[in-house]
């Protein structure tokens, strides 16, 4: 029932992503708007177990919409995976009078929330925050759009060097299970080839493609590689393979790493976070639970947690074809 | 018929926007991929009338995907509005063997293309390029996403000063007919109020809202104003009004101006441009004409020119409500 | 004597500039390092008069080195210009046990500090913080380098539009009394002409120069104008003059405004702020007073306040010549 | 004699750096200004040997002042290290009528120029272009200031993640022989410790310092490591050492890599490049040869090549002390 919600707890969990702070701000202000108390829970489920809470009002979240990371901090909790851990967390919430939760994080965090809901009937809502965009039920996760721009900016810089020296660069970008980042930054960065977890291009075709591009008059090339690419070679092994099987290329490697997770969120991520936070709070007020807020066709919608964590986020195969045409 | 297309002309027309170069690149490379000749037409319809054409191959568009502006330049043409102008333009195209057109621009440019098609049966396709996002038939025009980030970045900077000095800023952003930019950057920039062409907030409610926010403990405020806001006052008149009707605020004005149009396109705009260019070329090959390529629900789709130019791009009213809640 | 310093107050005064927070951080941490207490004074001399102080330790300034604006806020104080105001300020400092001051600001702020020192013998040190770089005794003021990059980035964007449309832009940048910003961004932005407070180019020579550049094949031009340029015309009047006296140019105006003051400080400004803060604190400890910390030949040095406020910061005339050669 | 100079060749050599294009532009325009012909030489000494030249006028360098990399491309040449190679290069220059050279590059490139001058009496001038700032005779090399900002921006992003997760990051930055970049970005990025080639901090002191900082309440830390740091361990080995010798830290590594070399040059680098190019050309006209143009105390000055290549660029030891104080 809507009238049961009096005190919402909000937390960030799993890897941080740009837009998490904007989502915290939105949850806090939506609570203030609806005259509901709001508590921040530090360090995800770890802080929940420790009762590490802080009361937040509209002014507590001033000046954070444009900050990367999360002011509530994040962590991965082993203890919350145990029944005892979750019981302790529940106890702490009850003690503080918190009666419902907004979890900002990825599918691991949502699985935790779902189990917690099953065990204690505690109302929970999820907001998808991860740069990988690997969550079913939303076309965009918080931080994804920002990460795309961060990576493209880095690739633009690498291209300056690549084209000044006629080099071939393997650039590793994030994406252990899905190729969203690789595919989009590959097209936007003018990559010769894009290696993703969803498709096995094969080493031979890679070398062949690089040969063809060289022949066609290109003097430098960038190959974007997702962390979890299907070929199963690291960027360093790819470099070795090309060194041994191709002539005339000075091959280099760049692993972009953690900087992909940080930075001020893009306009898109800030607006998305603001919309999602409002919807999460209003859904709890409306008596809903166990859903993830998502973006579908530019509309904010809900997906049941069990679908969100079981489903698979799919890449747009049209983009592979566009990439092929662009790298002619 | 598809087999009639042998030589495509591509041009940019109207105000420039980031992503136009990426779209030119895509059209040129899609032509190369499909073994069709491609010609660049300089300065929009002006250059068409002058026969100012250049042959382009895949290498001609190297290194432009990340450049703002348009290498083909743009212009507004009075001559093309006359029957004689269009006849001359047609003559020049025929002389050069160009048998179909891709026009990258706004609704004025599409109206020109539509009339040209009616008069001469010349195959034409449009790609929406303008930062204002004011075109029916696509959720995003080329350059819109980039402009949002440019403006938000500027507002973040203005906020540094606003909050250091407890000031109220009126920030004017682009948007003569639609409030897309104002609405989104207003939310993303944490604006107190957003004035747009679609809604008349009214001066009294503006002042009242500023008073309330001051009372609630906010020491600085930003009001985002679209060029064409409904109140019908310039930012300077708004400043004067507030100066006269409110106490305790140091009011300033910032007109962001033309810098909003420039800069390296965002990842989103580059990918969108790449997709649209391919689709425009392949639609011409497939015998289609008189359509605008657009993005609908993350899918590239076609809208007939007459619908595109007659229709109205609508703002998302949900965002107005989100903005209200966020500025509590 | 050095042993008299036990409690330092730090404040920001006048217009804010990027690097002020980094300087606050440095003063606070240098105090912690030397086991001296440190108090932040809010809103410059206004807060001093109000006794608006906050104790700060090394952790209080965490995460601010990269933030624009000033966490201590700034203000211009009329009351401090009166003898009574200053007496009240002195009383408040004594009451709080603060025995010396670091003032981060411009020459107006230093004049205040100097008078305060004369009247009460209160130890004061200054750190030059203003984007205009108009202070004698330092080659660089805090925020100047950051502002240069902010303005150049904006001009790059404007050039995208200018060159796509063959336009002439008058871009107004900050600099009421000195042309440092205009001169440097003019060269860096590839400006056709640069109008500064130190030199009267004259309207005729401006028009002549624009005519020559057009003749030489340039299709677009940017003229950078300092707020206080010697010709004494606003950018809007300049536009009108050129509109009336030249043909074939589509002339536009852009006033960059307050965004020039904000943003994350550059590496240079952060390092400079860190060095200056340490030196200011250690100078007070060493018994010095009434000096401004400055950068001279890449070395941190002291300049007596009376010289700093009387002297004039001079532009490098070599740059005018370089600009002339570059715009050939 | 000044009257002997009729045709200047300009080239970029060694690793590319932001500002090289601005320097090329300056050399070309200074030539145009002084009515001297100018030729671009592609791919450094390699292109000189191949006679790969292109005539350049003032318009050839339009729109490149803000582009990273080098439009003339760069390379390292083994052949030029041989007497035959240099003879062939000289022959090609003579054949093309080129009578003097401006070499933009690092000390390896200057050594080549010096030998070339000794063997053939060919007039040569150098402009220092490298991000490492490791050249004697100038306080700043072209690209150094830009790289500082690029790296600080990346560290800011990494800190977002570090502080959200209470992590320790080892961030490797460029600097094989000198610690300029590491030292400055370490201070600007708020690093806990900075490891540079000039100083052996020692592993024990590093661990001790990290322990102390943890104790003092810091929850996350960044250690900046120059490629060539004196401890002689890679960032990965450092991580392993800390993993084994400290508890309670989640340690991560980020190697920033080649993106540090690219990007639009900062205002400082563009102005410096413009000044240096003019001076290089005017020095050749004045009959000078065998010098490097450098910046000393904000003035453009000349240093004989033999001093420039033998000397050592020294870090500012004051910065080490400032860093220590800041990381309290």
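So that you can tell them apart, the chains are marked A, B, C and D in the order they are listed, and the count of residues begins at 1 in each.
In this section, a contact is a pair of C-beta atoms (placed from the backbone, for glycine too) under 8 Å apart; a residue touches a chain by one contact, two chains touch by 3 or more.
Chain-to-protein mapping (UniProt): A, B, C, D = ATP-dependent 6-phosphofructokinase.
Just so it is clear, the structure is predicted and the values come from calculations on it, not from any experiment.
Chemist: If you take the mean of the Cα atoms for each chain, which one ends up farthest from chain C?
Modeler: A
Chemist: Please compute the C-alpha centroid of chain A, do the same for chain D, then give the distance between them in whole Å.
Modeler: Using C-alpha averages as centres, the distance is 35 Å.
Chemist: Just curious, how far off is chain C from chain A if you go by their C-alpha centres, in Å?
Modeler: A distance of 39 Å separates the two centres.
Chemist: So which bits of chain A are touching at least two other chains?
Modeler: Counting only residues that touch two or more other chains, chain A contributes 156, 163.
Chemist: If each chain is a node and each touching pair an edge, is that a line, ring, star, complete or other?
Modeler: ring
Chemist: Quick one: which chain pairs are touching?
Modeler: Pairs of chains that touch one another: A-B, A-D, B-C, C-D.
Chemist: Inside the complex, what are the residues of chain A that reach chain D?
Modeler: Touch residues, chain A against chain D: 12, 15-16, 18, 20, 67-70, 73-75, 150, 154, 156-161, 163-166, 169, 252-263.
Chemist: Taking the complex as given, what residues does chain D use to touch chain C?
Modeler: 25-26, 29-30, 32-33, 58-59, 63, 65-66, 139, 145, 148-149, 151-153, 156, 163, 184-185, 187-190, 216-217, 264, 266-268, 270-271, 274-275, 278, 297-298, 300, 316, 318-319, 321-322, 325-326, 328
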